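For clarity, chains are labelled A, B and C in written order, and residue numbers in each chain start from 1.
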Amino acid sequence: MMYVHPALIMIIGALLAPLTKGVVRKCVMVATPVIAFYIVTTMYSMTPGDYGVMNYLGFELITSRIDKLALVFLHVFTLMAIIGAVYALHVEDSSQHTAGFLYVAGSLGTTLAGDYLTLFVFWELMAVASTFLVWARREKRSIAAGYRYLLMHTFGGLVLLAGIFLRYHEVGSMEFTAMLPEHAGVAEYLILLGFALNAAMVPLHAWLPDAYPEATVTGAVFMCAFTTKTAVYVLARGFAGFELLAIMGAVMTLYGVGYAVIENNARRILAYHIISQVGYMVCGIGIGTEMAVNGAVAHAYAHILYKALLFMGVGAVLEMAGTADLSKLGGLYKRMPVAMVFTIIGGIAISGFPLTSGFVSKSMVIAGAGNAHEIGLMLMLTLAAVGTFLSVGIKLPYFIWFGKDSGVEPKKKLPWNMVVAMGIAGFFCIFIGVVPGWLYKMLPFAVDYQPYSAYHLSETFQLLGFTALGFYVLRKKMVPKEKLNLDLDIFYRRALDGFMAFARNPISPVNEWVSELYRVVGYRIALGAAAIASRFDVSIIDGVVDGVAHKVRETGDYVRHAQTGKLQQYIAIAISAFFLLVLLVANI
Amino acid sequence: MSALVNLISYLRSKPNLLMGLFTLMLGVFVLFDAFATRHGAHFAGDRVVGFWAIFGFGGTIIMTKFMKWFAHEVLIRPLDFYDDKKEGEE
Amino acid sequence: MAFAHEIYVALAAVVFFILTLAETGRGTPRRFALLLSAGAVLSALWAFGAHGDLFGATYRVDAFSQTFKVLISLGFFIVVALGDGLKSYETEHEAEYYLFLSISVLGLTLLTSAMNLLTLYIALEVASYALYILVPLRRGDGSPQVEAAIKYILFGAAASGVSLFGISYVFGLAHTTDIATLVKTYPAIMAEPMGLVALSMMFASFFFKLAIFPFHVWTPDVYEGAANETSAIIATLPKIGAVAVLIRLTGMAGMGSDFTTLLVVLAALSMTFGNFAALVQTDVKRLLAFSSISHAGYMMTGILTNTITGSASAIYYVGGYLLMNLAIFFVIYNISTDSENVTVDDLKGLHSRSPLLAFTLAVGAFGLAGIPPTAGFAGKLFVLTSAFKSQHMWLVIIGAANTAISIYYYLKMVRAAYAPDDAAESAPKVDLSMLGKALGVAFILAILLVGSLPGYFMDLFKHAL
């Protein structure tokens, strides 16, 4: 059978979306990810290895490197693409579909890339396409946030590219292989930095809670799945066993939940929880044992589905009620029960309730940390799990569906396709929890782990139960405030301001200031002279109109004269600068 | 769905019943922990009955108190804090 | 017939000359121009493999010159096709406009084949003077276009003067003006300080054409003052010629001389200065003017390596730049209803006024910013890799840092185009002719295809060297 790159299918789908209308487009939107998913399932029967190898300018490009690690990510990415496409089925704006599919294509291409150049190209495609998902919301805040998002990602991309080329210079190969911590130099750490930015590793995370809550309802569902998890995948492939990652990952888990506890906007809470959940994966990769990496991968799989479910549920609330601010919601259980049921399924999955996907994946990372005798990390991860249940499992549903009745009425009916998409995701959240072997079979290493042990169940029951008790005790304090919480995005916002000030003040004047000065002074003198002359003129000649016409021409001449004076200086400066440079160089 | 909505409405009208059930559940959890076999114990805490109960409750309280305090002291700004800064443009 | 293309372009100019004498209605000269410029592309392609010498080998047709001729005639066709007619010119000037444009194209065509410093100089002046005239012809009574024209011509004249002075020095030192001989003998002369000064002076007018620092000061004012369609020409066509000449002449400096250091410094300053100045611009043409200074720095980076790959990258770069810049000028031209200048704010809401134009702008800006898979990314990649291989580490770092800076202002345009704007929602949709639509789609496809399949083009350019 001929091998077709699944990213190609997504690209074709992306091109077809704006060209079709109505039912045909809906068919295209469902068929595209389904075909991609089918191709991925057929890959399981292919011999692991390199496919689609091309020679490109002397670089050997490996467009598809198929192995177990890549396959499990491809599996969940294409599954997620189906869910996302169904969820977005009712959206008329075709640019969103195109952007969404290109974004998925970028993610699939990155996952299959066997060399850095292919990886980089798809990596950037992801950044650009996802920006349009933010911009598509067409609100002032989202345009600004999307712009910052794109700037951050292209910056990260450049760091990555710099690392890639330094490494190419040192190693002489573009191949993307696992790196060893003890051999890592500047090149490797630059690459790591580029990956870390996409994985939203603290302190490079601020773009995520900045941009995701500003994306469209359907765009956020796509975004929550791909950027960070693709980064997790490349980290797992390239940087397993880097201790720095283990520590950073644990810090991320706590950082994310910390902010989630005080946030008010439901989608921002979920965005912070991406940081937290990705922290588990990064930590598992950093620990680097087979079990921990397995746990990280399993968690990525489970996380994509339940986080998408959460974003879909909250997105449904946003779609119907027009806001995702907890302070403006409350008591909606009677009016939006469907969204409630699915959000709560997502919420208990992310909290790791038994019989949900989070239980069987998160515990694998934590046990991986424990088995590697990283007790400190293990306790940090467990504490983060407490915070997760506190903010997503209890606080978020409590303030949307229970608590004080806000009286918010749904403005629209929930489109059927959104319910179907939530149903699919919800099914997998439970299914994986009940049949963990299905997921474990796909993991890159053989699994020797049983999540449903008596003690693990007891531990989970106690943690969850007493967290709920803690919430009950502090429920008055938990009421979210309508405030903005500073995060590290303040640095890049400020840096941008400062940078522009630098460009505006010492750099630009070389041209602008001089020419403004000339313009102002030149015109002033010209106008002054014209005014005097015209007074004189008026007093002598009766025809005012004639006089003015005459003056206008004269003024024009004068201004032109003043401007040519500037030109002499321009030329003099340019030529003397040139000779100065020649002399400087000649003396070197 | 309506059955679920009715159930929730019923429970919300009986807070004492809800609290009773909740307390009973917590008690069962700790009791269960006393009998659970500890296979995969990683450290000393794993051997203490009710350790994770204390960890969960304590963690919640400390995390919430700390973040609320930290937010109040450091992080909180008015919602339009960035708006007058022209959002990094120009 | 090796010289078919030159003869064709010269005949085209004659046709336009006849048109200036005839009384024609509005649009007739443009129809001719479309036809003749399309023919120029065909004749350039037809004469692609030609070889031959003329006038005692002072004029040579070879793979190198023919490659550039294809690029130039392609640019010629695109600038003619950009919009529906010359919005910024009076009907009576229409035929003249195309006359001078075709003469300029002829000059550039001759420039790429010139194998003698004097032929080169004459071709350069033919190309330049014809362009100078286009600037003040812009309709309207304001002084900007006249001011721009004066700046352009005086600056150009000064640069030419310096160049001519340099040529006479070179002749004095090497006793020949034949480029093929100079490339062999001049590197030895470079050891003398005078050799460096002479060569640097000679390069002045090509730096001027390419808008290399410090010969860049004219660009923003000229772009701003000239009509949109004329700015598009000034921004692209002469640069192709300049790159051709620079590649031909850089061999004179030999390897690793002080002259290379000078070029490195100029390239670095051009990139940095152009970028920083572009950051704060609001007029799109001024923004493009400053960004063109920065791009000139990248082209210079490829050229100064003086290797086959480096020069091929520079050709690739200038070709990609041609496409991407013209794509943005195409957008500017089509949204300025009354031939006025366009500011970044005018781009607001473009997405709802014309999705095709907005997307063309986005692809063009992404390309200029150097984001894959556009031609801009591949170009920057090649140029910087070749500089890297030639051990110009610092230049690579400065180039990479500048790429990061430039993203800011290019994306500012994209952002504006996709920003919601209440005023623009009600603003009339932009009507594109069939040719306009085809051109927009062609720009998008070309930028993406040239960017994703650069191997073919690089092989072609390497072969041409």
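Note that in this section contacts are C-beta pairs under 8 Å (C-beta built on N, C-alpha and C of every residue); 3 or more make two chains touch, one makes a residue touch a chain.
A quick note: this is a predicted structure, and the numbers were derived from the prediction, not measured.
Among the remaining chains, B is positioned farthest from chain C, on the basis of C-alpha centroids. A summary of chain positions shows that the Cα centroid lying nearest the centre of all protein Cα atoms is that of chain A.
Chain A and chain B have CA centres that are 28 Å apart. Centres computed as Cα averages put chain A at a distance of 37 Å from chain C. Rounded to whole angstrom units, the spacing between the C-alpha centres of chain B and chain C is 64. Among the residues of chain B, those in touch with two or more other chains are 89-90.
Looking at chain A, one finds that residues 140, 147, 496, 500 touch two or more other chains.
In chain C, the residues touching two or more other chains are 280, 412.
The touching residues of chain C, counted against chain A in their complex, run 143, 146-147, 150-151, 154-155, 158, 162, 193, 196-197, 200, 204, 207, 214-218, 220-221, 258-259, 261-262, 265-266, 273, 276-277, 279-280, 355, 366, 369, 371-373, 377, 382, 385, 388, 400, 403-404, 407-408, 411-412, 415, 418-420, 454-455, 458.
The touching residues of chain A, counted against chain C in their complex, run 55-57, 95, 120-121, 124-125, 128, 132, 135, 138-140, 143, 146-147, 150-151, 154-155, 157-158, 161-162, 165, 169, 496, 499-500, 502-504, 507-508, 510-512, 515, 556, 559-560, 563-564, 567, 570-571, 573-575, 577-578, 581-582, 584-586, 588. By the touch criterion given at the top, residues 140-141, 144-145, 147-148, 257-259, 261-262, 333-334, 337-338, 341, 367, 370-371, 373, 375, 378, 382-383, 386-387, 390, 402, 453-459, 461-474, 477-478, 481-487, 492-493, 496-497, 500 of chain A touch chain B in their complex. Within the complex, the chain B residues that touch chain A are 1, 4-5, 8-9, 12, 22, 25-26, 29-30, 32-33, 36-43, 46, 50-57, 59-61, 63-68, 70-71, 74-79, 81-82, 85, 87-90.
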